[in-house]
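What follows is a structure written as structure tokens; I'll ask about it next.
Each chain gets a letter, A, B, C, D, E, F, G, H, I and J, in the order it is written, and its residues are counted from 1.
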Amino acid sequence: MLYCVRMEVNLPRDLDPEQLQQLKDREKARALELQHQGKFLHLWRVVGRYANISIFDCSSNDELHELLSSLPMFPYFDIEVTPLAQHPSSIK
Amino acid sequence: MLYCVRMEVNLPRDLDPEQLQQLKDREKARALELQHQGKFLHLWRVVGRYANISIFDCSSNDELHELLSSLPMFPYFDIEVTPLAQHPSSIK
Amino acid sequence: MLYCVRMEVNLPRDLDPEQLQQLKDREKARALELQHQGKFLHLWRVVGRYANISIFDCSSNDELHELLSSLPMFPYFDIEVTPLAQHPSSIK
Amino acid sequence: MLYCVRMEVNLPRDLDPEQLQQLKDREKARALELQHQGKFLHLWRVVGRYANISIFDCSSNDELHELLSSLPMFPYFDIEVTPLAQHPSSIK
Amino acid sequence: MLYCVRMEVNLPRDLDPEQLQQLKDREKARALELQHQGKFLHLWRVVGRYANISIFDCSSNDELHELLSSLPMFPYFDIEVTPLAQHPSSIK
Amino acid sequence: MLYCVRMEVNLPRDLDPEQLQQLKDREKARALELQHQGKFLHLWRVVGRYANISIFDCSSNDELHELLSSLPMFPYFDIEVTPLAQHPSSIK
Amino acid sequence: MLYCVRMEVNLPRDLDPEQLQQLKDREKARALELQHQGKFLHLWRVVGRYANISIFDCSSNDELHELLSSLPMFPYFDIEVTPLAQHPSSIK
Amino acid sequence: MLYCVRMEVNLPRDLDPEQLQQLKDREKARALELQHQGKFLHLWRVVGRYANISIFDCSSNDELHELLSSLPMFPYFDIEVTPLAQHPSSIK
Amino acid sequence: MLYCVRMEVNLPRDLDPEQLQQLKDREKARALELQHQGKFLHLWRVVGRYANISIFDCSSNDELHELLSSLPMFPYFDIEVTPLAQHPSSIK
Amino acid sequence: MLYCVRMEVNLPRDLDPEQLQQLKDREKARALELQHQGKFLHLWRVVGRYANISIFDCSSNDELHELLSSLPMFPYFDIEVTPLAQHPSSIK
């Protein structure tokens, strides 16, 4: 089941640089892990913003929330979730 | 180059039914054509709305505008285009 | 899987009264049918508006879209869907 | 009498961890208490956000405000209340 | 129980003048009736708009919805309802 | 002359507790004073928010601004003022 | 007493041309009359829009509403009124 | 003096086709004329919308309003004007 | 050339009181200076807010930006500028 | 390929003055560099705001994102990107 997820990132400025880098590394590792698991289908950068548009494939709403809230940077995300369905004109 | 395109559809109610069906058929044909050409990468239905979220792959802004304005139902679309770039954590 | 669905109703004023009543009757019949099937868990009127807040229980996004678009008055609805997940403090 | 209540949670980042955990524990205890009293009918997590959609059953506006403002995390909530009424098509 | 109700009026322009005047008369009669019953506590005109801010005193959300939807011009209102509670600094 | 005033309260979290309580006491005293003077006609709590909807009766815009800016918590208010006029259907 | 009034004009397209011209003439006449009476202090065109920003000087909210609703084109205006007060740094 | 002007075009659907084409031709002719006069510096299409972002160079606000309102399709435009000034980092 | 300028003031709370008073004094002095020069035509307080609506008369957009950015409190202003033109019904 | 980019600047107040000046110098140097490369076609100040409207000419969305995120002040920008296409009435 697909969801379009837009994440705006608002990192606090007073994070210790090293702490910040670790956070970003853990975030990237988790994102790669989810992509390799096939849950995180697409991840694109919104041009000009510290934001992304992503497509998740999850078995349920609960699973999606677990995955999103498992992202290390989740506390600093402002997230909008749009549930998607099959489009009658889609060839996929 | 990728773009996320959200299309809200506002079809006028006073279209002659036959005319309307032809319009929808032409729209579907054009959408299929663009998908087979690889321009129209993804087409998903927004749950609960006569709207879609799509991903286009075009060589330029101009090409994207040509494709979108070539859709038979273009006059009845309210479209938002978000240009996308490569995300550093994407495995694609 | 639960979804919170808000439906604002915008019925056109030029519908023939009889046609309108039939539409409302079919809408009510379909709503009752879905409630008895256990898909349409809750249906509440928003005070002061021709609108409702509903809770649907569906197996997938696609099923929810099918149900919503099967409602006779769907063309006259402005719908917002919020996917819901289990809350850690909920006793249900 | 039913109300739909949406709560967005904005916890300050500089709360002492222990203090924060106590706050969350007291919040959960209060939420469970209200649910067992039948005042807090439904509590769902909004997917992707530190937010919930809840249904309260109170005898008056004043009682609802007392319950909401009695929640330990009330100072950190951004709350929208939508009063609900019986829907003519509801089977409940 | 008190509610603040804001009503924006959008009368269609193609109503037959006589029909329109009857509608306004019936609306005024109903508004006077509710005020005399003590349900419709205050009714003020928003300066510069065909809109009002009103205070209703009802025993329940359902009663408020019945009263509002009983207003002859209800189909042409865009209504926002804000439930009110006792303020700790109010002398009333 | 009547005005509808909505005040959203955003108290800073880092105010010294004692200072904060004095501020609230002075605010309450001023609000009571204005109510007894007949300037501050109505004061209601917006359910679920640290906000109020009030009705002021002042001789001029300037007087209203003086009263509002004289409220000790004025620096922490986000205020919207809606000037009100006599409604043709009001019995008052 | 001063008010800043912004008026967006939405004239229906199906008005008979002659009727429309008469409406505009009556509107202009009324505007000139109010300006000569000193009620309508300033009237400026918003660049690029069929809209104006005006300053009215009235003795009360009620008078302002009477003046505004006396404008022939009032039914086609979308009006926002901002009550103004003396600014401590103004030399007037 | 430069202005950024965004024009969203909302052409009514019930215009006679021939009339519509003449309107578009006159609009194009006027746009070309203004560009050749150096008033209409830049004219770009907003991708996916019947809208444009333009840069005008005018001697005054009044001149800009005259030019914009002289565009044949002006009645069907929803225009936002942003006055521009020299940027300290611009090489022009 | 006239501009309507709305300024919302957001002074930081942690400014040293003396520094703050000096800032306000310099702001007032500059505002008086510009008014006496005839650049700053009108300055009104928005009732209930730390905000003003002003009318500036400048020879160009650039001059207006210079004046506004020369105001000592400019860093703490949230400003919206609306360029104004002569209204055909204005007697000035 | 052209893009219209609006940048609102929100510099934190607690930056060390010297650090801030270096940041601004590096920002200006980078902006000049991009303009001389022909990537940064136009850069205008929005009157009254610490904001600009710019036109970029880039070969791809990715290039634009690289350029924008290479600006030293990028972390403090709130950016909206509007992809532009050739307008049929443009003489360029």
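Please note the rule applied: a residue touches a chain if its C-beta (ideal position, glycine included) is under 8 Å from a C-beta of that chain, and two chains touch if they have at least 3 such contacts.
These numbers were taken from a predicted model, which means no experiment stands behind them.
Contact with chain D and chain G alike is made by E, F. Taking only C-alpha atoms, you rotate chain D by 145 degrees to land it on chain J; that is to the nearest 5. For the pairs G-I and G-H, the count of C-beta pairs in contact is higher at G-I.
Look at the CA centroids: the one farthest from the centroid of chain B belongs to F. The most distant chain from chain A is G, comparing centres defined as mean Cα coordinates. Centre-to-centre, using mean CA coordinates, chain I is 27 Å away from chain J.
Chain A and chain E have Cα centroids lying 45 Å from one another. Contact of a single residue of chain I with at least two other chains is seen at positions 2-3, 45, 47, 61, 64-65, 81, 83-86.
By the document's touch criterion, interfaces exist between A-B, A-C, A-D, A-J, B-C, B-H, B-J, C-D, C-E, D-E, D-F, E-F, E-G, F-G, F-I, G-H, G-I, H-I, H-J, I-J.
Taken in their complex, chain H has these residues touching chain G: 3, 5, 12, 61, 64-65, 68, 75, 77, 79-81. Interface of chain J with chain H (complex): residues 2, 4, 27-28, 31-32, 35-36, 42-47, 52-53, 55, 82-92. Those residues of chain F that touch chain D in the shared complex are 13, 45, 47-50. Residues 1-3, 60-62, 64-66, 81, 83-86 of chain B are the ones that touch chain J when the two sit in their complex.
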